[in-house]
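Got a structure for you, written out below as structure tokens; questions coming shortly.
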């Protein structure tokens, strides 16, 4: 159910029966020992599972997000916030222009959250558009699971160590949790503060927990797609 | 210790001894029964108290923020997010250009938070600038007090009902707390959802609690101003 | 009659009877021995007097304007002209969007005048909006008074030395008037050219003259607010 | 001495001996009975005369300016102010980038004046650039001549009726002078207010006066080009 | 050799030995009976083959390009040209910022070509960056093959009908070639002019020809990656 | 039939009978031994001839285009691409706003071609506007003539050596044709690559060929102006 697996005539048919689409907003940024595309991979995995179950289309992912704080880590690619607001706006205008009316955004990256304010501005103009926004890692579902196993969820730690993100051996030890930030950090200060790039805690946990998380997120997304 | 109470020669003198300044980012937006300038008034009150104790300068407040969701409530004035990023950048460049090196931003409004990502981009360029960001209403201090009195802190409820924000009689009753949002709301949907504009809970509480909050925030700010 | 002393419901009531509002555009820039916020203070003082007499609302002031020429004087905060055009546009769109139809802009700062061209562009789009623009210091009224007392009105000299702008002792002597500029000056050249920041002439005059000026400006504003 | 009559090698030679250039900022906008390109033609005529006498280069004119107020008069072409600031900046950066250090801008159009503030921002960055700005119609020289003949100089009246601007018969009568504007006018209101587009006064005067004006402006420009 | 299959430490290692990277610029736009992501799929296929042979890294593709002419075909997602220039700039700045010095852009979409002018502007600033640009469909190699088989290469016809782009049965017939355009077409006119979206000619040809094309493009890319 | 030779009332009359206009987009950039304004002069010459024959209006030319690659050649003046898109948009909006419905753009400069994509975006909004785009040097007519005389047409060689562009003696010899570019060149690399600025081939040919070209282009333009 990817747009990439369709031609325009098939989308035309789809729109006669449905007006929903999922859009993945990701990032290409350092994730410690994990894949640089972690923030695309996770929401895309959830979206695909959801699409398989309920048949809602999945747009191609935006592979780049806002990660100015990690620009000193090789492989990080960051869009300026000004640019990012415009990109997401353009994608949504294009989708809305041909008849998509309900869009579920699956955001994979914290640095992208500012665009939500811009989307309110867009909704003030496109009054026939409905937007839902899902961040798997801040969901109640994930918080509950983390709590159940007494884990702290954070950037590039066990929380994101799904098998499809593992591109190298992960450290067996547990990294100390970071001191809460009271200062806005530029890229140099961030690299100094975060070292290997993970925010702390164990680098991986039992795969069963990871599956539990994916299942919970899938349930969330299927529910959100009801747009009730 | 307001910049407005100084001329440039006095600031010149100040900069020979100190390089810190406080900047209040506010908003002019509906706050239910409270003043439309609530989000300026609160951080400004805290900044003034802090300035009186430690002598750090306070810049003139930016009276406008990003509040596109409330544009259907008369009196709300919202800057587009693109505009807002530029305004805050310009203010900080001006301050940095004459020698301010440590700026504590006291943000009074949730809709302004996106600018933090833009400030990282600015810090990547202005490498001699340090920025701290304080949001009184999400601080551990305020959370603790709210918990102590079994109160839920939210927009335009008791939490912001400081005497200097009260411009009309406040309802005696308690408003039901809102259902968590799963949808991004445009201005029309927001007005429908929030009615009188308060997010729920009691409209006011014992003034002693309000003072307790101000005192706690003052302590936070004095600590942050150490820039250690 | 400040917006800050109202909540949105009160503004809603106001709009049922009136659609006028005053907006002060100021600046935070060097004014020689006078307050850095001189260009906010003066139009705000006039607006408040006018509001007291005729009941027209006063929006929160925009504390920052365009003053790139003074960026080498500590305490000056300048918005780029591009930014400034957007800020003023956003404020007016917000006001117009909820029903304000007649706005009197009280501009306190020469560097802000370029926005007038942008406002024409805005009026071409918002056809139910009327805008008036008042600059107290270039008014016929003030020119007449200056002439009467054989004074030359200029930046940061006696003309702006209202009691509420005096933050330090003013020199007793008279500064020579500047040579007319045939060159556009950057910030470094401006600081070299203007020294203490005043453009020349006496630093202060008889307070009775200052009151005469305020009274004349008040009369102007009350007349402009008739929007006939 | 037009850039258009040179190739790059000749400019290269020129720059070894001189670093000055004249830039004409004009407009394509209604001028009553006169040519739509009046605001290019006049400064270009002055620039050419000056070039002939002192050998300073003349850049190609920018034929378009900011005239949003006249967009309801056919033939008016207006650049948005945002656009205009960028165009003028780009031209000056290009000139400065290859070695021009002193630029005399001959502005022919009132609506272009806002760019002066932007040029200060540019000068703050390009510290080896000097800019002079000449507006023939607000010059002391022209004011003096107008006064001598008891004439009021204004848009599209006798003041601009040089022979090279005359494209149709001019009315013999004198148009009443306009009431001073207290309101910012959009394009529709401007057309209603200005009718045939001239601001009032006689449509033409003795050609000897026109020559006197050109001669005086030429003298001004030759003096300004000394950059002393 | 995808960035997505690496973590930042691995990219850090790579940069110690190589400073080259391939970037695919694509589009999500109608391609007649073929996949909406055709313009990503083709250059990505070539890039992957090249990476396998020479080990040069492949960045995540930009899935969206400029296709305003096809916005009436469902599934087309177009970035405004202004937005697009900024996105590509940001990606290249990020790559250059951590040490990539030679970038081969594999562009899959005609509407993206304007960015080349913007890249010259970027090169004027980032003087240690080298950029090569490859468009497979306008290459001499492909032109030669098309000529050999007496085929006309055009949008969404046989030329792009690689197996990985086929998402539906392709028509067996040959579509008449279009009349050359003398007019710039908006989206409505484009849809009317192009009907099913293919520009004409056969919809598919012998798979051997398609392989011949891929092989030729691979050879081109391997050669370009030498950066000699 | 230049707009500059008309006043607004005459344009008003014209629009009652016709809604066509020609717009010349040029450039001020190095052209080897030829005039820096070559790219304005040629299309302007064609436009004037066409206007004389069919009476269609000619707007004032935009004297500046995008030429970032030649910014190291003195006399080149380049607008940033972002700026350029906005300028051309503004000109067309102004023309369309008063009733021009069919615009023939005569583009004289390769670096301006990117604006065509932006014009599609404009056409998507201004649905009563028709735009045609003519580039004389890539026309079939010119290609045919070049072929007939066995000449290769390129930047600043014989192809542009019309008498009105000749500002210095032209070399008698033939310059070797350049190696095709596989790399995007910044301004320094361009100057190194192109030396005197011509791209190669003879610097001039028999004037009869030049007249043949002008005649062919004139015929093209007259045909395009039919807008059938």
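The chains carry the letters A, B, C, D, E and F, assigned in the order they are written, with residues numbered from 1 in each.
Everything below uses one rule, namely that contacts are C-beta pairs under 8 Å (C-beta built on N, C-alpha and C of every residue); 3 or more make two chains touch, one makes a residue touch a chain.
All figures in this text were calculated on a predicted structure; none of them were measured in a lab.
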(request) Can you give the shortest number of steps from subunit A to subunit C, where adjacent chains in the path must touch? (result) 2
(request) Trace the shortest chain of touching neighbours from subunit D to subunit E and give its length in steps. (result) 2
(request) Name, by label, each chain that touches both members of the pair subunit B and subunit F. (result) none
(request) For the copies subunit E and subunit F, give the interface type as same if over half of its residue numbers appear on both sides, and as different if under half do. (result) same
(request) Please work out which of D-F and C-D is bridged by more C-beta pairs in contact, and write that pair. (result) D-F
(request) With chain centres taken as the means of their Cα atoms, state the distance from subunit A to subunit D in Å. (result) 54
(message) Roughly how far is subunit A from subunit B, centre to centre by C-alpha average, rounded to an integer in Å?
(response) 29
(message) For subunit C versus subunit F, what separation do you get between their C-alpha means, in angstrom?
(response) 47
(message) Can you work out the whole-Å distance between the CA centroids of subunit B and subunit C?
(response) 26
(request) List, in ascending order, every residue of subunit C touching at least 2 other chains. (result) 71, 80, 82
(message) Which chains make up the ring, listed in order from subunit A with subunit B immediately after it?
(response) A, B, C, D, F, E
(request) Sort out for me which residues of subunit B touch subunit C in the complex. (result) 3-12, 14-15, 28, 30-37, 40-41, 59-64, 71-80, 82-83, 86-87, 90-91, 94-95, 97-99, 167-168, 196-197
(message) So in the complex, the part of subunit D that touches subunit C is made up of which residues?
(response) 66, 68-69, 71, 80-82, 85, 111, 113-121, 123-124, 127, 130-133, 182-189, 224
